Each structure stands twice: as C-alpha cells, then as structure tokens.
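Across the two complexes that follow, chain A remains constant while its partner is chain B and subsequently chain C.
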Partner chain A sequence: MSVPLNVLFWIVVIPGTVVLGLLACWIVRKVSALVQWRVGPPLFQPFYDVVKLMGKEILVPQEAQKAVFMAAPLVGMAGVLLLSIMLWRVAFVPAKPFVGDIIVAIYLMVLPSLALILGSSASASPHAAVGTSREMKLVMGYELSLVLALIVVIIKTGGTLNLAEIAQHTTVFSISNMLAFLVALLCVQAKLGFVPFDIAEAETEVASGVLMEYSGALLAVWKLAHAIMLVALPLFLVIVFLGGFDVTFLTMVFRGTFEPTLIMPLVWSICKYVLVLVLLILIKNTNPRVRIDQAMKFFWVYCGVALVAAIILATIGKNFGVSWL
Partner chain B sequence: MNQEELNNRLTEIKDKLTAVEQPADNRIWLTCEAENSYEINKFLFEEVPLRFVIATGIDSDDCFEVLYHYAYDETGCMITLKANIGDREKPAIESIAPFLPGAEWIEREIHDILGIDFKNHPDMRRLILSDDWPEGVYPLRKDAEKPVSRPDGEPLTRPTVQSQSPARRTVPLSKPVVVVGPFHPLQEEMEFFQLSVDGEIVTDIDMRISYNHRGIEKISESLQFDQVPFLVSRICGICSASHPLAYVQAVEELAGIKPPERALYVRTIITELERIHSHILWVGLAGHFIGYDTVFMWAWKYREPVLDLLEEITGNRNNYGNVKVGGCREDVPNDLIPKILKELDGIEKKMEMITKAVLDDPVLHARLKGVGVLSKADAVKYAVTGPTARASGVAIDVRRDDPYAAYADLDWNVISQPEGDVFAKAVVRLLETFESIKIVRQALEKLPDGPVAAEVKEIPPGEAVGHVEAPRGETFHYVRSDGGNRPVRHKVRAPSFVNVPSFKASCIGGHIADVTITLAAVDPCYSCTERLAVVDNNKVIHDYDTLLQLSREKTARIRKEML
Partner chain C sequence: MSWKIWSLKKSPWVFHVNTGACNNCDIEIVNLLTPKFDVERFGIKLVGSPRHADALLVTGVVTRQAAPRLQEVYRQTSKPCVVFAIGACACDKGIFTTGYHVVGPVDKIIREVDPNAIIAYVPGCPPKPEAMISGIVQALSVL
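Presenting the complex of A and B:
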C-alpha cells in the first residue's frame, strides 16, 4: 500500500466504523421490532437521533463535577475508537502485529465502562448513583469471566497473546472454544448493556441510571460510543473465537487488484459478524432484566464453573492433541 | 359462620348502637354516635372479623356522617356503620387508622374534602388536595363554593408537581432517596414514591398521589341518575364496565328494580371480556417493567381481538357506556355469538402459550419469586382486594361471595395462591383469564332471550351499596338519594385505593429492582384512585360548545373518510 493510500485508509476507518456502528444500531432496533411484531425504525433513524441530539442543549447538573462529567463521554468514545482501530488493524494488516495486543484489547474494552462510571458518579444524581454502583458491580462480575474465556483460547492456540495469530489458529469447533465463546458472548451482552444485563440503565427502575443526567451532544457521544461498541465487540468475538475476520479481498482492492475468489471469505466473515449480532439481539429480546446480585452470581458461579471446565478440557486437548476438546 | 350467626355476633354491640336496619338478608345498616364509633369499629374489624371496604363522609343538613363500610365475604354481607357527628363547627371523630392501616388514606381524604378531624390519626397530611388549595375550603361540603384564589392572592392553578417540595417531603434530606415519580418511565400515570435507600435496599417508602383529580364524586351530585354511568365509566378506561355496573347495582338495590335475565348475562359477558383484556394488559406491562419488552408487545397484540369484540358489541373499545339503571343499552347480537366463541378459542390458545412461557421461564422465576411479599396478615390489615388479595391467600371474590349479574348460574373457580409474591400475582391473573374465558363461553351458551332493559320510573329516597369484582379488585359504590332525580351523595372506592397503600407492607426491605416491579404488581390505577377533589384551572381553553363543535367536526370528517 502506498503511503498516501495508507493514510487515506486510516482516515476512512474511523468514519467507516461510526457508519457501520449506526447501521448495527439499526439492525438491533429493526430485528428487535420484528421479534416484537412491530414495524421498526427506518434505516437512517440512529443517524437522525445522533444528529438531533447534537443540536440539543447540554444541561449539566448544578452540583456535578463538571470537568469529569463532560470529559467522560469523550474518554469512553476514545477507548472504543482505539479498540476498533486495533481490531481493524488485526484484520487488515495481520502481518504487522505487536506482542500482547489481546491484553491491550482487554484494557480498552473496560475503558467505556470506566468512563461511564466516572461520568455518572460525577453527575450528583441519586438515580445515577444507583446506576453507577450497579455498573461497577457488573464490570467486576463479567470481567473475570471474559479474561478466563480468553485464557481458554490462549491455551488452545499455544500461548500466543497476539490477536492475528489467535485468529488464524483457533479451532472453532471444539467444546472448550464453544463454551468460552458462549460465556464471552454473554460478557459482551453485559458490556453493551443489553437485556438481561441492562441493570445500570434500567429505564423502569432508575430511569436510565448512569445516563440519566446526560443530554444533548454529550448523550450523542455516548450513543455513538455505544454504536461503535456494537461493531468492535462482536468483531472481537469473531476474531478471537470464530476464526478471524478475513478482509483480504478489500486489501487487494485497495492495492488495485480485483480478486473475485476472495469475495467468499469476506462474505463468510460478515456472516459471522451478523450471526454474533443476531445472537446478542435474540438474547436481548427473550429475557427479562436480572437483578444485580443475580447477574454477579451468574458470572462468578455459573460462568466460572463452565470456564474452569473449558480450561481443563482445553489443556487436555492441547497436551494430548485432541483438537475437538 | 353463616348469616344468622353473624347477626347474633352483631347483637353483642347492640347497646352502643342507636339503630339497626336489615333491609335484605345480606345488607345491614348500623347507626351510632361518633363517640362510640372507635369501639364499634374495633369490634367489627378485630372481633367479628369483617373486611374493611371504605368509609364515606357525608355532609347531611344538620350533621356530618361518616359511614364505615364493611363486608363479610363468607355470606356476601355488606355492613355499614353510620356515625353521626353533631358538631358542625368543629367536626371530629376518633381515627380508626391506628389498628386499621387500610383506613389511613380514606380518613385523610375525608379530612381533605369535608374538614372532619380524625383524632389520633398517624399522618394527617393532605392526600388529595393540592398544596396550593386554600385552607378551610372543603369541596364536598354542600355550602362549598369554588375558590378562585390562593390565600396569598395568587390565582389558583393546576396542582404544582414538585418532586422535592418541602411540604410533601417527609423523609429527612440526610438519607439518600430515590424518587419514582411524579413522572417516571415506570408507569404511564402520575404517581410519586420516595424510596429511602441504603445502597440497593429500600428502607422506607412514602407515597403521594393526587396529580390527576377530576372531582367525579362532586360532579356526580350534579348529574341525574341515568347520566352518572357515563361519568363513572370515565373514572378509568380499563375498568369502564365495572364502575358503572357497581353504581347501577347500587341504584337498582335502592329502587328495588330487577333487570331482565338477558341483561344480567350481557353484563356478565362485558365485564368478563373487560377482565380478560385488563389481565393481558397487566401481563404486558409487567413484562415491560422488568425489561421484557417482547412479552409487552406480544401480550398487547393478543389483547387487540378482545377490544375488537367489545367494540363490535358496545360500539367502543373502552368506555362502553353499556349498563344503565334497569338493564343494558346494547344487546349481544345472537349472530355475533359464533364469532365471539371463535375469537375466544384463539385468545385461549395464545394465553396458554404466554402462561406456559411465564410459568416455565427460570429467569422469571428468579426475578419474581419471593419478591414483594404481602403476607396474609398484611393483606387483611390493609384490606386489599382482587388479585392482590387472592395472591396472598385471601380467597375473596365478589362474583362468588355476593353474586351479581349471572355469576351464580355459571360454573367457574376462584383462583388463589398462598405465596403473596409478585409471581403469585402473575399466576393468579394468568389463570383468572382462563376462568373468564370459561365464564364468557357459558354465558354465551346460556344467553336467554328477551329484552335487555326494564323500565325505570322513580328513584325513591334511601341509600344502597353496590360492588363489583373489577379486574383489579372490588369496586365499591355507595349512593344516597333524597327522592329527587340526582344522587345527594355518591361515593366511589376503586380497588387501587386500598391496594396501593399496601406497598408499605410489601416493599420495605426489598431491592430497588424488586420494588419497582412490586409497585406495578397490584396493577395500580391512579386515575381510579384519584377521582375526587375539584381542580379548577380558572382558565377556559375550550368551553362546552366549542368542544362539542370540535368533536362533531371530527366525527363528520371520520365518517367522510370511511365512506
């Protein structure tokens, strides 16, 4: 890739991710609507929502810690953007990785939640305070499970901490990998704040909780960050658990060569992404919200047990060369 | 205890009473002086024991009366204790709330509207009048005039909705408080709960209602007997068959009118269809409250055919305006019966699916079982009714206990559950839907031929009570006539009025997440609960004529579009 083209590419990535995120938002709303026998919003509705919010007044509560309150959405947004850039990099230029990027990814994935906790606790609202404490507990709940799930994959791929290598070496169809994938899927459900884990926002309990005091452009930034998470988190799952996201076709196009045989892997990759997204949406629409203590128990006890089993299976499988374990 | 034994029991307090009347087997009217009312009430509630229904305050010409209505559900007997307060200047009576928490709200209400002081009442704040209502103006007194301004000279406006207004706040500011209301995504109506919290645990709850007053009881006094059903059906869109029916039954009892057989069956069919759609509505809302929006949307979709049926029979999806004194306005056409039966089959199948889904869902079990428990003792103390009582093991149902309409001829069961938690309330409502379907089917099969209305001439002087099992519980109406063509007093007690205060017993100690679903589990209806005080905006935006003009134009427009 020539240097100008390279620069152009990275300029395209961020707006592209935002657009994809809004599209994913629309898919979430449309599929939910179809499940619920509603018509659902038009394609551009998430975009209209953000534009409308951008034009609204920003109200900051009188007793809020203004700087933290205002900075939090930007920090959260920066975190998910960085994460998505890292994941695109893994997909587009797998040859130039850096060691241990999975650990960086874990950190970047916590960043939006941390920013949300900071921002809402700075808003001096009792509803937000309840939401904050719930979000904190939730993060503590699912973070452990997510890390354990990643350890399963790391064991299976022989100890590499490199996302690009993991993407190529994962044995998708093995018991331990499927277990780890399911748990990680639920962790992503919680990270996205989807039912049954929308505990921190719980509209009918604490009236949007953590987001309660946000308005105008700041709320729009949160919405955008959420939209990007809808791209980045399923993409992460696809890369780590489902054998990677193959975009060789696109890189070839960027280089100026058109290779029709490479279309299929790309389509297949997109299918994997959509599959993960639809799974998330279906879980969202077939469950009631759980209580925070139930969520923590779920992640620590049930998911914990499943993951320990998966780790044992993976270790046995690795040492004895049984790839389906 | 049968009726005779009950009568014997009541003779124990004979010497404290000034009069005893028993116009029918299961209607007893007792009269006493205000000084004795506390003891007699205590005897009736604790010793007999009777179920407290409500109290009515009346401004008679020379005195004030407080009527305590009780029910003995085993024989369906309604017992009313009349306490006369002679002192018109400073009317006062002993409060019964200390031993009967279910009477706390109604005493506050009577204090608001009639200015009767209840001695030793634990919490004599205003319940239904707005904060800027002037002191010493009691809207339900016969000499009351509409106040035009507040004491400070400001014009009277709509009730001020201030979430933290000092007059309304009882919980100290040092404690963290999570407020639900006055406008909150939990419920579509205005309500105001202040939850004192310790982390996620709710340690205390304070309730405020009264953001939606329409002065139904006051308006009712200015309407003729046959106009009132239209008014009371507008108390609540969902219970719009039960309220008029309870009123009409009270008037029919007062005047000794017997409606024709077919009318009784038509009433049964309408009220049961109403129960079906109301219970499905609750299932949907309950799903929404715990974040299960799919259940919300599905349940409401399944509810639509019921509303369509009601529209086909009465002309309206809600506010049917179908009952009148002496019978019904609209008949169930015989050629519609096959269609109703067919629709019922469809609804039954879908409800079976939903019921199975709810009863088998492990997440719902985890979320609803053992949550917001209202114990049987508390259910009795707060005098709750309907599914709220039946889910706490108090198996009362007006339809069985004091049969009206055609219920006595039909075969059906009263559903009750002992647990008292939110799950039990859901189970009761879901299973009741099937009973209702059963009732409608039988009523359609047995529907006798004949007219649906008897002729009514005069309403004699007297007083009577009527009660109906509405979807949310017992709807109670009391009517007094002086022989003219308007009621001199018409008291309405909607089920939520006694169900909502029971939150004090069921919410404290729960998580915030549990409390919100508990608040919704009694299926509260605030427009029913708040029907009384007169709110005068003093600003006429549309007067009667322009409104009539507007609605005529709209009707004409719709008719044109339909053709």
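Presenting the complex of A and C:
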C-alpha cells in the first residue's frame, strides 16, 4: 500500500462504512416490504431518519445516571466502528495482520451489546430494565455458541487465529463448518436484534425496551451504530466462513492500474455479503418472536449439541485428512 | 425551511395514544401500515415509545383517567412534535359530549400543557385511511 493510498483509506473508511450501513438499513426495510407485498421506503429514508433525529430535542430522564446514559451510545458506536475498521483492514491489507485478531473481533462484537445494557440500565425506566435483563440473558446465550462456532473454523483452518489467513479458506464447504455457519448466522441475527431474537427491543410488550428512553441525537447514534453493525457482522461472516472479501480490484484502481479481470472477484464478494444480509432478512420476516427462555434453550441446548458434533467432526476430519468433514 | 423541519417532513415517526376510543379509529390507524396504504413509502413509522415520536396520533374522547396520562405522554415527547386528533371523538367529543366521565376534547387537554402545541384534526367516525394520510400531509405542509 503506497502512502497516499494509506491516507486515503483511513479518511474514507469511517464515512464510507456509515454510508454503506445506511444503504444496508434501506435494503433491510425494502426487502421486508417486498416480502410483505408493500412498496417500502425510498432509498434515502435511513439518511432522513438520522438527520431528523439529530435535530430533535434530547430528553434525559430525571432519575437517570446522566453520564453513563449519554456516554453509552458513543461507546457502542466506537466499538462497532473499530470492528468494521479492523475487518476492512483484513480485506484491504491482508499482508499486514496481527496475531489473534479473531479474538479482538469477538470482544469488539460484544461491546455494542454491553454499551446497550449499560445505557438502558442507567435510564431508570422499568421498561428499559426488563429490556436490559433480556438483553443480558440473550448475550449470555449466543456468545457461547458464537465462540464454539469460531473454534470449529479455527480447527478447520489448522489452528490459526488470524482473520486474513482464515479468509484464504472457503471453510463453509464441509459438514462441520456448514453447521458452524448456520449457528453463527443465527448468533448474528441475535446480535443485530432482529426477529426472532428482538426480545430486548420487543415493541409490542416492552415499548422498544432497551432503547425506550433514548431520544434525539442519542437515538440517532444508536441507529448509526446499528447501521454499521449491519455492515460489520455480515462482513465478519463472509471473511470467516465464505472465503473472504476480495477488494484487490479497488486497491489496484487506487494505485492507478485498471485490471478488468479482477472485477469478478469483487462482484462475487459483494454478492456473498448481500446473500448473508438477505438470509438474515428472510429469517427476520418468516419467524415470530421467541421468549427469552426459548432463545437461551435454543442457543445452549440445540446449537450447543450441533456445535459439539461439529467440533468432533472437524477434529476427525483434520486428523485423518478428510476435507469434507 | 430549516433542515430540522425538512427532515421531519421526510420521516415523521408516530406514536399511537388511545384515550378512551372505541377501537374503531385504532383499527383504521393500523390499517395505514397494511400493504394497501403502506405509509412507510412516506417514511411514516409506528414507534413504541413517545420519546422516539414526532407525531402523536390521539384517538378517543379524553376520559378523566386518561387526561393526565395524555399530558404526561405529550410532555415526554421530544419536540418539535405534532398532535393529531383522530376521529370525531378526539376532535369534538362526538356522541359523548354530555358523558359524565369526559373531560376532553384532545386540543383542550394538550393546550393545558403547551398553549402553542401544533394540533391537526382528522374528523370522521372512523376517518378513512385516505383522510388520515391527507391530514398528515396537510399538517406537515404548514409546519
């Protein structure tokens, strides 16, 4: 990477991710609308929403812990931005990794949920308290499954903890990793707070639960953080399971050489990302909300058993050289 | 036009307050979200908390029990916001004018909290969804 390109990357990456996130938000709403046989919102709708929220009054509840309440959205936003920058770095500069970045990614993915728990429990609202307790249980539920699913991938790729090296393998073409991919997809569904795992935000029972007391610019920051998660989490799945996100074409264009043969890998990478996103949207639109005990049982018992089987299969496959196990 | 008002017109999020309606207006409001009318085309979204809302859709005559709650919900809505009185009862108490339990109509109760509140009226028993969309468009165009 030449120096001007490096600088350009760091200037573009944050606003670029935000714009992509708002676009992904629009895709979610538009595809949901099409599934329900509606027309759906215009392309710039998520942008209008955020601009409008920025201009609204910020109300802070009287009994709230003001500092924590105000800081939590920024912490969540910072965590998810850091995650997306790390993932873009894996895609754009695969030659300069640092060891164990998959572990950092796991920690950064928890940060928005933790910030949400902090912020909503600081808001002194009974509905938000119910939402907080649900969010906490949900985090405990899916984190175990997600880590186990990533262990399957790590076994499959020969014990590497490096995202750029994992991205070299299309791990999903084997029984164990297919299982792990399905479970990880559902974990991402829960991380994004999509139906059937929107238990913490359930609008019909706890009136948007965790986000209830947020208004104005603070809510806009939460919406932006969620938009960036819509980019970062499917991108993480693509990098870990589906053979990485190939942007060699873009880096070549930045350097001033146009290489038409490299367009196809880029288009294919974008297709993989959109495929993961549309899978999430379709699960969202075809399932009812589950109760929190059902969600925990699902992640710990059913997903747990599937993942233990996947780990055993992957270990056997690795030791005896059977690549499809 | 300031950017605040411009963006508010592009994405008015509504919160639905029932202050003693017979459920008929409420069903017509939910009707707005169905594929036939699909108000998400205009960025209108039904939200779960008054703190997220830009417009309150108030239905029903305001009963004695509901009046302080309506005022509290209005106070907790982040400004700028618009109040819609949906249906004959909310606009002018309708057939419940002489009811012993009625303290409404909606505009009187809201003006007790905020004399400068922006209130739009959509009459009808219940108003047609088309009438509600037209009311929302007209109210937003005078903002």
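In this text, the second predicted complex is superposed on the first by the 323 of 325 C-alpha atoms of A that agree within 3 Å, B and C clash if a C-alpha of one lies under 4 Å from a C-alpha of the other, contacts with A are read in each partner's own complex, and residues count from 1 in each chain.
Just so it is clear, a residue touches a chain if its C-beta (ideal position, glycine included) is under 8 Å from a C-beta of that chain, and two chains touch if they have at least 3 such contacts.
Note that this is a predicted model, so its numbers are computed, not measured.
Of the two partner chains, chain C is the only one that A:K56 touches; chain B does not reach it.
Touch criterion met: A:R38 reaches chain B and chain C at once.
When the two structures are aligned on the shared chain, A:T286 is found in touch with chain B, with no touch to chain C. In the superposed model, A:S215 lies in contact with chain C only, and not with chain B.
In the superposition on chain A, A:T315 contacts neither chain B nor chain C. Of the two partner chains, both chain B and chain C are touched by A:A207. By the touch criterion stated above, A:Y48 is placed in contact with chain C alone, chain B being left untouched. For the contact definition in use here, the residues of chain A common to its chain B contact set and its chain C contact set are 36-38, 127, 203-204, 207-208.
Within the complex formed with chain A, the chain B residues making contact are 176-179, 184-186, 197, 199-200, 287-298, 301, 361, 363-364, 366-367, 511-514, 516. Contacts from chain A toward chain C in the complex involve residues 29, 33, 36-42, 44-45, 48-49, 51-52, 55-59, 127, 203-204, 207-208, 211-216, 219.
Interface residues of chain A, counted against chain B in their complex, comprise 32, 35-38, 126-127, 129-130, 133-134, 195-196, 198-199, 202-208, 285-294.
On chain C, the positions that touch chain A within their shared complex are 3-4, 7-8, 10-11, 13, 35, 38, 40-41, 43, 47-49, 51-52, 54, 76, 78-80.
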